[in-house]
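Dropping the structures in below, format is structure tokens.
Shared between the two complexes below is chain A, which pairs with chain B and chain C, respectively.
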Partner chain A sequence: MFGSLRLQRLPSAHPGIALAARAAAIFIALFVAGIAIAIAGMNPIELGGRVISASFGSAFGMEDLGVLVIPLILTGLAVAVGQQIGAWNIGAEGQFYAGAFAASAVGLFVPGPQWMILILMFIAGTVGGAVWILVPTLARAYANVNELITTLLLNFVATLLVYYVSTGPWRDRSGMANSATPPLSADVPYFWGIVHWGFPIAIGLAVVVALALSFSKWGYEVRLVGSNPSAAKYAGIPVRKHLITVMLLSGAIAGLAGMLEIAGTVHRLQGGISNNFGYLGIMVAVLARGSPLGVIFSGALMAFILNSGIILQTQGLTTSVVLAITGFILFLTAIGDELSYYRITREKA
Partner chain B sequence: MNETENRFTPPSGTPPIVQLKGIAKYFPGVIANEDVDLEVMPGEIHALLGENGAGKSTLMNILTGIYQADKGEIIIDGYDREFATPLQAIAAGIGMVHQHFKLVQAFTVAENIHLGWDQTPKRASRQVLEARTAELAKKFNLETRPGATVSDLSTGEQQRVEILRVLARQARLLILDEPTAVLTPAEARELFRALREFVSGGNAVIFISHKLDEVMEISDRISILRGGRKIATRETSECNPHMLANLMVGREIVLADMRGRGPDAAPVSEKPILVLDKVSAADETGAPALEDISLQVHAGEILGIAGVAGNGQRELSQVLTGVRPVTSGQVFVDGKPMKGANAAAFAAFGIGHIPEDRLHSGLAPALSITTNAVMREYGKPPVSSGGVYNPRSALTLAKDIAAAADVAIPDFGMPVRNLSGGNQQRLVARREMRIADRVLVAAYPSRGLDVGAINTMLRYIVELRDAGAGIILISEELEELLNLSDRIAVLYEGKVMGVVENDNLDIEEIGLLMGGRTKAKEAA
Partner chain C sequence: MDILTGLLTTAFLAGGVLALAALGEVLAERVGVVNLGVEGLMAMGAITGIATVTSVPSPMLGFLAALVVGALFGMLFASATVLLRANQVLCGLALTLMGTGLASTIGRNYSGMPAPVTFEPVQIPLLSQIPVLGPAFFSQNILVYLIYLVLPIFFSYLMFSTRHGLNMRAVGENPAAADAAGIPVNLMRFSYVTIGSALAAGAGAYLTLAFVPSWSDGVVAGRGWIAVALVIFAGYRPIMAALSGLLFGLITALGFIGQARGWPVAPAFLSMLPYLGTVAFIIVPVLAWQKMRRAMAAPAALAVPYFRDMR
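And now, the complex of A and B:
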């Protein structure tokens, strides 16, 4: 007799098992994707080899990854920062657009020396992102309105606003492009190859946020509010004040991602500029389990997956297939994370 | 009492209603039960006595089919049985009333009785269900109001509905988990009478408790569990509370008057240290929870707050510690009016707070033990200086607190929810005592703790009183209040029914006040 098997939930997951569950999740996702690719009539192993050599085999490939990783770390950080205070900022996409929009306004219409314009764009980008999350923040802080819905809905507003200005009032009238603004007057300088200074800024910001959370009185209070608001209230911590500042910070970081994207990579404002970076940031934060340092690594993983997608598209796979694989990895990771809390025991029959 | 004379004596050779043989249940790293034998005869009330974590709940969960035993046999009426689900146990006539009721608050009594019951008529009007319920209530002599909504019922009434629900399903063995924890003394007496009647017909009751006096009063036999094993089964007539306490904890426990002061103890101050002047406050929904409360606490004194849970105790402790704003009236600390609710200011003023629901508001369960231990002192040196938080100093402080609380902690980085309830409570108590220079508000400090841990907790409180702090002790255990308090205030529906000196006081009077009655009213 085998007896009956029962699942038992443990109070905490063993880190080794959690890591193994993640590795297994990614492996299974790639394996299933490989089968799908094979059914579509292509050789998955050969494709995989091509992806790896194109990503890591040359400086160009590495530079592409470097450019992709900047917005992913920042939007991931924005979501992770929100999670620290117990808020789900699903609106990084909208804040990204709002930041890009505000920074473009400076870059298009404010005259002045490059360095000054850049500083103004930086300020405009972060303020733009923060303004975009302001209403959801106040609604949550004062009326307990779920930020999940409010931040999400504002994404559509920001996306359409950028479409409107870049194809309407701000469009390039030189006749070269009808769906974008003219080039901005200032660019973020290059750091390495085509990778701009947003790269060290993104990583530095993630490190600073992580340090602040672990080694400051403010960070202690934020962690307590995020983990148990009634305990924080009991300890005399101003729960509402922290909620508001941290949610605004989250929006500002997403806005900064938008500013760096237009001023460092695209150099003009156009519709669809976010490439879903705001939504992908949610995945990055979830993969990092809400850890600000973790988003550097999960951001890099996500950049690799996206870059692979671009390479695969040149090999004839569609964007939808690539997105499906990405979603599948996240889906299985979430299951793996949950399963790492369980162990199987055998019951007497 | 003549209950023993009416006692049902089964004919000789009758098998026990329930017999457990060699029951064992293992959880990862824990032996919940091992080698437990238990026999429950028809007509008896069998008490199951044990500290927290002694394995009482696990054993009952096995008997009611919630868990399956790893070893051992369950024999019902002489036949070997296996319960894979609670439904099978119910079908075999075993019913349990849990400590936390499992009633649908928005449904009527009749609907709750008929919910999930195969005897419920397929098509039945409200009237039919209520008539059936009234009939059942009459049959089992449990007074209920079939048409009333459960949320409108008192705790005692809700418990009767739970019991009726179990009995309606033809239970012959009724298991009650800490049934008197939520009852007033009068309600408890009523329950005991109903239980006596139930067993007089040849049924049986398993009565789980850690209150020695009530076990002595109600049971015919007592089984004591300790560390997952059964230590002994005794005839109640051969027991006394002292010996049961010894069997239960394996060591001598003294339940005694702790009001006496040593020569070094701080005297009770002339002026009160904390004053509530006509304070009213509202609960979360905005409904009035406290009305015109006026109380005074002196330094070096313990003021007990008696009352059935849910009569404003929670709001009172929050007002006293600045967590909840007052709607009218004033709070004075050391003669100084405290303006506005500001928990940080109250804490900085030397007011500590052991909250009633430690996991919900006293701790952040998912965060580390260190983080939780420094919750009161994270903002000042050595833990923080100039806004910089020093995790190493925090760890040192956490270790100090754990050492004072006598809690052995292997890893200060693990979530605090991994600690047992008793250890969590000791950490919270020690954390609060460190800041409670002037006042300590202790709400249900011994709730959910075993006898040993309760004694430690009460010793802490006495220690702080002797150091010259004013203490407000909110409790539902009268014995605890009588042992510790210098004065006792009784709270009922948000009002202070009376404040009595704890000298030769009449327990019956406290009981009446707790039930919202004054002596004069009772006489009238």
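And now, the complex of A and C:
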């Protein structure tokens, strides 16, 4: 049918093609979104121009992007870390809320100097996130229960918990609005404009994790478990121990994202503090092909897409459009990933 | 109505959503495809149902429209996962994000509006006179009978008592052997993923046309994921899937009764029950029923794409 050409599936994907497939996926998804906007009776090119000038045309726009990049890098890193050992942490959304919840408890009720409160909030946030993934982790490690569903279901529990405390016992009783807690007693200082110190922390953490995975004995063993668990076990690597630490680390990073979001950006605990950061983190990790360093770039890209959605809200669109477009990009990426395993070869006569 | 009847009535009604979606997922997983897009499919079905009955006041038409939309999305998913053999987990998550986002976007104009027409309860003659079960089960809307009786019995018979069902399970257990025996693996997978997706979207329409019945953002609230989990709990069996749907309906009903009777527990905690219950129900059986493990095991080729050329 194709003459002497035939399609061959290779044992490993070509990274360049996989990357090109990602670029193509984003391009196609945005193109389709543009067509949908045009069908809805708006001018996609004009809207696109408005988004770009609002994002990059002023310091304020860049600062907005910077604020969104922080949680997206961290939730993306959380998912990517799990992927390194072959675990799907789809519960970053819940760990984000759990971290925000635990950090708020410190920020609301513990007296003391700012720096001490911040350190305690940091600890509480990471521990909160790790605690939230503890049951799925142990279930996976000891009973081989699929962590995908258990981590995801706990998202709903965490969301309900934060909703309950912020409209119930921890509610701000001084003001008119009664769906949030009072302001927290400590704030993460600003780094640049309205971008707080979470920005360098997130990037630094991604770099540290990347270095640890690439150059330490621990990282080598973790990657080995991720690529071939039975070979790793045969080689005497403590598979279960690594699985538990990596999954807890993943939860802690997502919890840190929640802590930084309330202590740096929102300054009080309320329902809906996450703009689907946990779910978008899956996308960030997949776009980065699970690479902790790649997460910095795909996180920035995702921040731009999310920010575009927020800007377009004034044009009668909702941020749920972003979720739909993200899903579409993910869908095309999955297809592109599979196609990047193929090579067209010429049959020798 | 006494408390037991009330509890069971709500349980049957609430469990129908999960039972129908879980049934659809059983079909897909039995042929070896894990579809994690159920949550998104339900959202699309839910908004399709509401949007349809707003223009044409027929709940049945709304339900059928949801089935069609679900089948279309199912074909999209199956094209990627079965024909192109893309990663099923990624495509499923993508479908969930797409469906949820798209449904919220479309649903903005329908938010908070009660369904203009809904599925009305039908009294089955004689049977509805049975104490407790009569008012609780035989006085429900017509979909309830479809979900708890017709579909599970039909699919159970199909799966375990026909040649076609044997072929179907062979595709999920060992696609290479099935292919060698002349069973069309891809066609089988494509068809059942499509049917399963249609049922998931139907469950969404059931939610907005029979159970809630209105659309609001986030109305699906993780029920799709609970349905996926129930399939594991139900050991990939249609009748067990319907029964576990009912069990979770009972948990939901307990929450409702607790709220109505003013139990000293915050409603938010009662709302957590189904999620926590699901986590418990997929962990506990693994620990408790070691002997049942083989009988309840997942199809061997679940989530594994089939490459004929790499047999």
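Criterion: the second predicted complex is superposed on the first by the 329 of 349 C-alpha atoms of A that agree within 3 Å, B and C clash if a C-alpha of one lies under 4 Å from a C-alpha of the other, contacts with A are read in each partner's own complex, and residues count from 1 in each chain.
Operating definition for what follows: a contact is a pair of C-beta atoms (placed from the backbone, for glycine too) under 8 Å apart; a residue touches a chain by one contact, two chains touch by 3 or more.
Predicted model, so just to flag it, every value in this text is computed and none were measured.
Engineer: After the superposition on A, what does A:321 contact: first (chain B), second (chain C), both or neither?
Structural biologist: A:321 contacts chain C only, not chain B.
Engineer: Given the touch rule stated above, what does A:293 touch, chain B (first), chain C (second), both, or neither?
Structural biologist: Touch status of A:293: no partner.
Engineer: Which holds for A:230: it touches chain B only (first), chain C only (second), both, or neither?
Structural biologist: First partner only, chain B.
Engineer: According to the stated criteria, A:131 is in contact with first (chain B), second (chain C), both, or neither; which is it?
Structural biologist: neither
Engineer: Kindly classify A:17 by the partners it touches after superposition: chain B alone (first), chain C alone (second), both, or neither?
Structural biologist: neither
Engineer: When both complexes are superposed, which of chain B and chain C contacts more residues belonging to chain A?
Structural biologist: C
Engineer: Mind sorting out which residues of chain A both chain B and chain C touch, each in its own complex?
Structural biologist: Shared contact residues on chain A: none.
Engineer: Which residues of chain C touch chain A once you look at their complex with the stated criterion?
Structural biologist: These residues of chain C touch chain A: 36, 40, 80, 84-87, 89-91, 93-102, 104-105, 108, 217, 221-222, 225-226, 228-229, 232, 266, 268-269, 271-272, 275-276, 278-279, 282-283, 286-287, 305, 307, 309-310.
Engineer: Chain B touches which residues of chain A in the complex?
Structural biologist: 8, 10-12, 214-221, 223-224, 227-228, 230-237, 343, 345, 347-348
Engineer: In the complex, go through chain B and note every residue touching chain A.
Structural biologist: Chain B residues touching chain A: 27-28, 68-71, 321-323, 342-347, 353, 355, 360-367, 371, 375-376, 378-379, 384, 387-391, 414-415, 417-418.
Engineer: Applying the document's contact rule, which stretches of chain A touch chain C when the two form their complex?
Structural biologist: That would be residues 9, 88, 90, 135-136, 139, 143-146, 148-150, 152-157, 160-161, 163-164, 168, 279, 282-283, 286, 317-318, 320-328, 330-331, 333-335, 337-339 of chain A.
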